[in-house]
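Have a look at these structures, which come just after this line.
Presented sequentially are two complexes of chain A, the first with chain B as partner and the second with chain C.
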Partner chain A sequence: MVQIGIFIVLLLLGYGFGRWTEYRHYQQLLIRERDSLPLPVTNLKTPPHGNFHKAYLVSGNVVVSVDYFKRILAALRNVFGGRVVSYETLLDRARREAILRMKEQAVQSGADMIYNIRVETASISKTSSRRDSVGAVEILAYGTALVESK
Partner chain B sequence: MILTNLESVPGREIAEHYGLVHGNTIRAKHIGRDFMAGLKNIFGGELKGYTELLSESRQEAIDRMIQQASAMGANAIINIRFSTSSIAQGAAELYAYGTAVRLV
Partner chain C sequence: MKFVPKPVPEGINTTKVSHLREFIVLSFGLILLLTITVILLSLLTDQLVRYIPVKTEYKLFSFTHAIARPSQDPGSAQSRVEQYLSKLIDRLQKGRQGDKQPFTVAVMDDPMPNAFALPGGHIVVTSSLFRHIQSENGLAMVLGHEMGHQYARHPLRSMGRGVVVLLAIAVFTGTDGSEMIKSMVDSTVELGLLKFDRDQERAADDTAVSLLQRVYGHAGGADEFFQSIQKLEVKTGKNPLPGFMKTHPTTQERINHLQAIVDRTGKAKLVELPDFVKNY
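Our next item is the complex of A and B:
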């Protein structure tokens, strides 16, 4: 009985806090993405013609964890199959956040554009035991920031 | 040391190629951080401690790569790639590699 109680409390906490943080994060992402829009970002390999006097690496990373409610939802999905929507939004948010961090780093150092962006996803701390396993995903975005000589 | 992940350094010419250079580091988690991560597993959200840990470790891998390149006499590393793998329970390997070159 107590265990069921704990389970329900965790589920509700996960649902409440998870929803709240997701909503807040999406609002924040929209604003920051609009602010960093002037900086061109591509994953082309060949740099454009022009005079560049500086090229350097910029990167942004983020490690996110999924909340309890979504984890249970995903576990149920494992039974029935289909799209795991709850994880889709998590990874979408994380990826946008990592790219934004990279862009913000580039803007701060006075870059004019970022070329050859790579986005990498790694699941960290996979544990064999399902209990107390920390399910977390790291997203890393990196690219080359170029500064045009004026 | 100029670092890029392009195949050249824009506006500069490559004088000499030195071949592959790489650096790696393996990091284990911290108990304090793991506790916080356990809480975050209920509420969801970013694990700031891990984000910092991984970015510090990645910097270390880059530093090792730079060391190797400067020992060869290179002044730039091009076409840099990163890779991350979780090798054992609670430990992650961060790996950086690229081509060391000397620019004119």
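Our next item is the complex of A and C:
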């Protein structure tokens, strides 16, 4: 009985906090993305034509973990198959946050554009030791920032 | 080529559904799935029980529950009788061809003369049974009868669907489930639900008789217990046997059946019961 109680409390806490932070994060993402929109970002392999005098690496990374509710929801999905919607928003937010951090770093250092951007994912979880250990995902966005000579 | 800043449209990489709704739908789906599984399992119980390996049965019912607890004090009179009974069971088992099974035996204080077999090879004998039996042969018949039930896995079959469902839960959740099973056995036995049908009783009788013949060379004493019960019936006007041994073949029918066998195989001298058993 106590275990069921703990389970439900964790579920409710996970749902409440998860929803609240997700909502706030999305609001914030929209504003920051709009602000950083003027910075050109491409995933072309070769540098564009132009008079650039400086090039350097910029990167942004994010490590995210799931809340209890999302994990249980994903586990339920494991039974039936289909879209794991609880992870979709999580990874969407993480990807956008990582790219934003990279762009913000580029803007701060006075870059005029970023080319050859790449996004990579690595999972950090102790799957070998215990099944229900906390899993986390790292998302890394990196690219080459260019500074135009004026 | 000119770079045109353009915001990425929202909601491309995410599905717009309520997580809460998804959670409710999925958990109800899972509950439904489990319910169907449990219902199917319980419908198939009788077919499935025979596939539960003997080893698994013994593991599941390895506990000695409240109703069948052998004495813990090796010096006590109860323990002495139990040791005698288990030696007798060992001797009977030597007469069996085919698979042997380990048995535990416990004596229970009860005014009803009775004996019953529980899943996991637990045989329980009530203390007043010894007053209704004159010879070791008669006692061997009762024990052999219960062993016969166990060999044919009647107790497990009688516990039926509960066991199959619990076993499934135990397998899926990874727990050994012995606590649940323990409480289930106790309540089943207390309610007297562990009953065997006519054919099962007859099969157990036949097994017991064949064990008697192998060990003693004759089936004499096989009807002793039932004769004694019948006298009690005549005296009190009703069948004194509760639940477990209250049999579908009436006592008279069983006596006739057993006597026919005894007459056919011939009767020799019966072995005396030791005094400490008789006076227990």
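Heads up, the rule we're going with is that the second predicted complex is superposed on the first by the 145 of 150 C-alpha atoms of A that agree within 3 Å, B and C clash if a C-alpha of one lies under 4 Å from a C-alpha of the other, contacts with A are read in each partner's own complex, and residues count from 1 in each chain.
In this text, a contact is a pair of C-beta atoms (placed from the backbone, for glycine too) under 8 Å apart; a residue touches a chain by one contact, two chains touch by 3 or more.
This one's a predicted model, so the numbers in the text were calculated from it and none came from an experiment.
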Message: Once both complexes are superposed via chain A, do chain B and chain C end up clashing or fitting?
response: fit
Message: Contact-wise, after the overlay, does A:T89 reach chain B, chain C, both or neither (first, second, both, neither)?
response: second
Query: Which of the two partners, first being chain B and second being chain C, lies in contact with A:K103: first, second, both, or neither?
result: neither
Task: Name the contact category of A:M113: first (chain B only), second (chain C only), both, or neither.
output: second
Message: On the A-aligned overlay, A:V79 touches which partner chain: chain B = first, chain C = second, or both, or neither?
response: second
Field: Residues of chain A touched, compared between chain B and chain C (which is higher)
entry: B
- line: Smallest inter-chain Cα gap (chain B/chain C, superposed on A) in whole Å equals 14
Task: Go through chain A and flag every residue that touches chain B in one model and chain C in the other.
output: 70
Field: Residues on chain C engaged by chain A in the complex (per definition of touch)
entry: 1, 3, 5-8, 10, 13-15, 17, 19-20, 22-23, 26-27, 29-30, 33
Field: chain A residues within the chain B interface of the complex
entry: 10, 13-14, 17-18, 21-22, 45-47, 50-53, 55-57, 59, 61-68, 70-71, 90, 97, 115-116, 118, 120, 122-128, 132, 134-136, 138, 140, 142-144, 146, 149
- line: The answer for chain B against chain A in the complex is residues 2-11, 29, 34, 37-38, 40-47, 50-51, 54-55, 58, 80-86, 89-90, 92
Message: Can you tell me which positions in chain A touch chain C when the two form their complex?
response: 15, 19, 30, 33-34, 37-38, 40, 42, 48, 69-70, 72-73, 76-77, 79-80, 83, 85-86, 88-89, 91-92, 95, 113
